[in-house]
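Here chain A shows up in two complexes: once beside chain B, once beside chain C.
On to the complex of A and B.
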């Protein structure tokens, strides 16, 4: 693996985790009685930016290197299910995250003045969306750990 | 009409459709090699193809839904966001369930 690909893989992991941290923070703050709109706006934007960068860096690594060089090793190992189940599911479920993140960030930025009052259940629904982004982020991270373990 | 509600609702509705699209094309392309090959030949990689198509669908639908006349409200936006949550849960379960079957149960 070239140095560029190593850097991209590490960047994918670090930026992905930073993105999930941002949305976890949004989730926790939304659960408070009086969430801080400024914090929610910055934290959701932080999460969105890092998630997009993680998508691009991981995507380049995946599309140019993983399939040709890593996938055959995993499939020939004692743990072929690490690719057949976890990688296949991870790479596709990951695609949900940018859209969920864009929507959550957009709604927080456009509707932030309504978040301190329970307007039509908006805050409760945003809690659900922030939660599912965080949980999918954890699942994707866990799947990545399994795949890395299978390569070794 | 509150323009902010209109744009928010349009984006949420579009993302619901995109998540259904991602789930469907993931499963259908895995069962239909011709579709997977088309994605690969057109976009250089099937996963890149799914990503690009999803972004295009999201952008086009968000634009269309935001200019089409519709009744929007805070309660309606909240319902759409809850729908987005449930669609995401079902999509995640469908994709993991499908690959669980393909990897461990299908012979």
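On to the complex of A and C.
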């Protein structure tokens, strides 16, 4: 693996984690009685930027290196299901995470004044979206460890 | 300083902040329950402690995953399937989801405290206990038993102190 690909893999993991941290923070604050709009805006923007960087770095690594060099090793290992099940699921779920993140961030930035005024409604929906992004983030992260562990 | 030492140091720092923060958060909370009210000073202490806890958690997660990256890039991928590692990951996920459930008031405060304290201490013990021969299932069963024991212990402490469960702010 070249140094560039190593850096891309590291960036994919670390920025992905930072993105999930941002949306976990959004989820937590949305559950409060009076969420702080400034914190929500900054956390969602933080999460979105890091998820997109993780998406691009991971995507480049996947398209240029994983398929040709890593996938055959995983499929030939004692753990072929690490690719057949986890990578196949991860690559599809991972595709729509940033879109969910864009929706959440845009709604927070454009409709934040409604968050404290409304009971249920918009806030309730945003709690669900933030929770879905975070839980998908956990699953994708765990899937990444499973796939990496099979490269032997 | 090599990457390995830097990662180890930050991982230790995250653990120290997290375990210390969780322990002191519980102590301050019990003290406030005994007095029946959370005054400004205790409130400030609690806020600061929770902030330290969050910082500890972020440092721990980033440094923990840095460990995994180093193992992967240095050809020790088999370490990524260790029962000790997966137990720590599971416990961390339970802790993070437990905090959300507590924030959403879906679980009682005593259970939230028991999950938080047990998870942080379990992560510390699992991190330090190299050579632990237990399987993933054994570790997780032990963890749930310890959460139950911690819940009982905290209830007994509260009863002994004769405190109410909802201090006034």
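Keep in mind that, in the parts below, the second predicted complex is superposed on the first by the 149 of 152 C-alpha atoms of A that agree within 3 Å, B and C clash if a C-alpha of one lies under 4 Å from a C-alpha of the other, contacts with A are read in each partner's own complex, and residues count from 1 in each chain.
Here is the rule we go by: a residue touches a chain if its C-beta (ideal position, glycine included) is under 8 Å from a C-beta of that chain, and two chains touch if they have at least 3 such contacts.
Every value quoted in this text rests on a predicted model; they were computed, and no experiment measured them.
Of the two partner chains placed around the shared chain by superposition, chain C is the only one that A:150 touches, whereas chain B remains out of contact. In the superposition on chain A, A:14 makes contact with chain C only, while chain B stays out of contact range. Touch criterion not met for A:39: it reaches neither chain B nor chain C.
Set against each other, chain B and chain C touch different numbers of residues in chain A, with B touching more. In the overlay built on the shared chain, the residue A:100 is in contact with chain B alone; chain C does not reach it.
Chain A residues in contact with chain B (one complex) as well as with chain C (other complex) are 131.
Residue ranges on chain C touching chain A, taken from their complex, read 58, 61-62, 65-66, 68-69, 72-73, 75, 77-81, 89, 93, 96, 99-100, 103-104. Against chain B, the residues of chain A that register as touching in their complex are 55, 59, 62-63, 67, 80-81, 84-85, 88-89, 91-93, 95-96, 99-100, 102-103, 106-107, 110-111, 114, 119-122, 124-126, 128-129, 131-132, 136, 139. Interface residues of chain A, counted against chain C in their complex, comprise 1, 6, 9-10, 13-14, 17-18, 21, 24, 27-28, 31-32, 131, 138, 142, 145-146, 148-152. Every residue of chain B that touches chain A in the complex is listed here, in rising order: 4-5, 7-8, 11-12, 15, 18-19, 22-23, 26, 30, 44-45, 47-48, 50-51, 54, 58, 73-79, 81-82, 84-85, 88-89, 91-92, 95-96, 99-100, 102-104.
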